[in-house]
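Before anything else, here is the set of structures, which you'll find just below.
The same chain A turns up in both complexes below, where it pairs with chain B and then with chain C.
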Partner chain A sequence: MNATLAPTRPESSAGRTTFAALVVRELRRFVVNPVFLAAVALTAWTTWGNPAASVNEIDSVNWYPAIFLGGFGMMATFWLTRSMRHSEPVVGVTPTGLPVRSAALCTVAVVPFLCGVLTLFAFLHYHPLDARVYGAFSPPAQVAVLVGQIVVPTLGGPLLGVALGRWVRFPGAAFVAFLVLFGWVNVATVPSLSHPDSLAATALRQFAPFTHFTFTNNGAAMTTWRGSPWFFIGWQLALCAIAVLVAMLRGADGRVRARVTRTLQVVLVVAAIMFVLAAAGGFTHAVHA
Partner chain B sequence: MMVRSMLRAGAWPEVAGVSGAAVMVGGCAVAFPAATTALFPIAFTLLAAAAAFTLDEPASLVVDVTPTGPVRRTGIRALALLAPLAAGMVLMLAGAQRGLALPWAATGLALAGNVVLGFAVACVARTRTGEPGAAASATVVLILMAPTLLPTVARRISTFPASGRDGLSSNTVWWTVLALSVAAVAVSVSGRPRLRWIPSLR
Partner chain C sequence: MSRSISLHGVGRTFGATRALADVDLDMEPGVIGLLGPNGAGKTTLLRLLATALSPSQGEIRVLGRDPQVPAERTDIRRRLGYQPQEIGFPRGFTAFAFVDYIALLKEWTQPAARHAEVRRVLDQVGLSDIATKRIRAMSGGQRRRVALAQALLGSPPVLMLDEPTTGVDPEQRVTLRTVLAEIARTSIVVLSTHQTEDVAALCERVIVLDRGRVRYDGQVTELVRQAAGRVWLADQPDPAATVSWRTGTGRYRNVAAQARDGVEHVEPSLEDAYLLLRGGLPDSRPTEEVAS
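What follows is the complex of A and B.
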């Protein structure tokens, strides 16, 4: 019996081969996407074009990679996902299901993520760790702040683009999401400006895929806000996982759907825990320098 | 009769949806005066994107060869611009009621400029495709967000009156944009340029 079943094992190997082929194909489409190429060029320009001497507050330069690689990357993956919509009657009858194709699309987020990692190193080269511009955090926590502001958004943005492309029919959903998220980060930061010690203001500020941990009033006085940069990274990664699972939920049925739904429930709980820890962790009061 | 049917065929869910998102963002700008100068430009950008969807015509292959000319068709569809303009006016009224210290005449000009720019880009794109909304709105968003996202552009151009930046003033920018947009709309609707791209109709 085992000898009879053994030859069926290559099916999973064939599935992996198909998945790898799909990933390579999607990667090729993504890396030549003009929006992504523009995002890479703009990130390089803003990172290399802001030498340390001209920057007196770190918050004025640390959000560009999140905007370009994350936000523009979201638009690129959204269009990449939607571009196959008209071919769905043909592609839909192939043995490769929609969840597998969604997973292959999600894999392309590795490219902007790696660009984000490179940007982090470049950023650290031009803006070395210094409590005067990074706040009262320990050096490892200062790096964690940068990872949460530069690296993780470059992963999350493209993943959100895939999820939106799978579920939203409106062709302008990506830029609407980009503008709304951009606006939300601005709004969520406002209460922390006037109530830096408030836990509610901290929680509101961190209820976003990107947040600032310090505030410098035109280079005059540095305020380090409440909140844990480490748990904020956990919250961001949980959001990334939610985006992947929501994308894979589209077209999933039977056992796959049940597994994705169950995993999604677990990740939602983890996200809630991470959010609470991110808001409650870190300093108990804002630190003024 | 024709006006009503042409308006009914418009991309109203897209126009209303994006305008609604703009009202939501602008509402936050009114509620949080500290974020007004950041959020009002975003709301206006969304209204420009909404305006870019007004010319979407899924049945363009049929509609474009009917006796109704592009000038009349574009004129009728331009009525849909009232939706984003009305949404912007509501935001400005709410801001004025809340006591926001904005130069309202210049803000109104910025609103009109944003909406007309979105419509002009859609008009130009409409000569190539029947549903220019997605591409035109994405283009408009990237153009209008450039001063917010790129420091070099921000130093040279100001697209919102209260942004307090150097370089070209908001009024200069929007009067120029309005003039160029009107010219672009006039050129794109004259002479049925669409027909030149259909080989069988040359």
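What follows is the complex of A and C.
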């Protein structure tokens, strides 16, 4: 032990530099998380393990990345967010406030998001556009369907994990949220099976962070449901923004809190608009082929 | 920039429980001991000074800044080291990784400078040899030293230590005193403890809290002097004593509010003086519910 004096802390290092360094640190912690690594492995396995010939409907395979990178990614970021909770008496009195730390954790979601983008390209390689399995959508709309089902959930799941980690004390909250979302997506799809032309059924189906756009009865008949895949992406991205802002609201005070609250109000309005457009847009009736 | 801490009429309640009431203090660089029984409000006072809590009443200024104002609070935190009474550590972290993480949150963004600083504080608390050991595999005393190491980052102008020597072996305590004495040349070090020997060895000034109120604020030597003539050894516990206990020699050490003649007086210690203060005050009976 020595009683040496400390070197001087660099005064100019506050703000953005700290944020960037913190993001790098959290990224390094996230990419070695066993749950996330398992999610990547399972996504790769399911993407490579489903040749196009065995697929009757795109919806039967494109939810795997949402489950693994989105759902498992949510559990990984939830764990990452909560990992410092016992050290909060120390961490909480550092100059880097909780909203900044939450923002850094949210930035970590870029990793599963990029994995989602890579998965999309791999998916397009194995399941080329314009195939019957995509339903009656035009090729650009087919891409929108895939982006909404593969890419955006890989961003939204981890962001929801951060928000849950900030606000919910229950250690199993992410797993419960995963089960609830999985159940809700399936339950909300049921009315569209019996009432494919119904706007209410479409709205219910799309009132979720993930939705199906087609349905086939073992490949015999292909039904393309109502709803706009483009505006559904807008709705999903608004949900992502809400998750980020809700996470950042924890521990925010003064001007930061006012700014986050104002932005949250705007995003809620945008989300509502996107939801209405997603339900009302697209085909006016279900298309059967 | 001001180099002092001031509290005026500071109080803190938790629901119906009053933890601190009407505390007026001014603190300058040096080591200030904070003594008091469990539930006296020591931890609450430290948490207020460390910006972890807001006061229910009164005004606090740390280095001239108001912790109630977010920007000023951040500024205080840049100049603050805080070792809480209890701290948990994240799973899988080594001592180096944890202190390095805190250093990053304290805006040490240059990796080379940060790592050098982390190594320095770990060396100060005697953990450099086991810096790469996982904290969960460490002993309680070693964990407390990890918690202390993060508080020492950057030799902050304000250092709040809540029972830093609990579970630390005597050699490390002596070394810790040297480290704190060095820092206290330029920093305000507030040391909350139950170890009166640490306060006697390290502090010029001591604040005694009891039931959320300041019972004594002054020089350690003056507090000890107040006990002169009121501490004596005897073969039996003296009924007139406020407190008495059997020492290692088999004789009884008696401490009383009233001076006694015709007994074998001994040099009072800070512990004697503290016990005397606690037991001898006419207004030390419970007047209201308090907790730390």
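Convention: the second predicted complex is superposed on the first by the 275 of 289 C-alpha atoms of A that agree within 3 Å, B and C clash if a C-alpha of one lies under 4 Å from a C-alpha of the other, contacts with A are read in each partner's own complex, and residues count from 1 in each chain.
The working rule: a contact is a pair of C-beta atoms (placed from the backbone, for glycine too) under 8 Å apart; a residue touches a chain by one contact, two chains touch by 3 or more.
Values in this document were obtained by computation on a predicted structure and should not be read as measured data.
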Contacts of A:130 with chain B and chain C, given as first, second, both or neither: neither
First, second, both or neither for A:197, with chain B first and chain C second: neither
Touching partner for A:187 - first (chain B), second (chain C), both, neither: first
Comparing the two partners chain B and chain C, which touches a greater set of residues in chain A: C
Which of chain B and chain C A:86 touches, first, second, both or neither: second
Chain C residues touching chain A - in the complex, by the definition given at the top: 50-52, 69-71, 74-75, 77-78, 80, 82-84, 86-91, 98, 101-102, 104-110, 113, 116-117, 120-121, 123-126, 147, 150-155, 172, 175, 178-179, 181-182
Chain C-facing residues of chain A, complex: 1-10, 13-14, 17-18, 20-22, 25, 83-87, 89-97, 101, 253-256
Interface residues, chain A side, partner chain B - complex: 42, 46, 49-50, 64, 67-68, 75, 170-172, 174-176, 178-180, 182-183, 186-187, 189-190, 193-194
In the complex with chain A, residue positions of chain B that touch it: 13-14, 17-18, 21, 24-25, 28, 32, 34-35, 38-39, 42-43, 45-46, 49, 53, 133-134, 137-138, 141, 145, 149-152
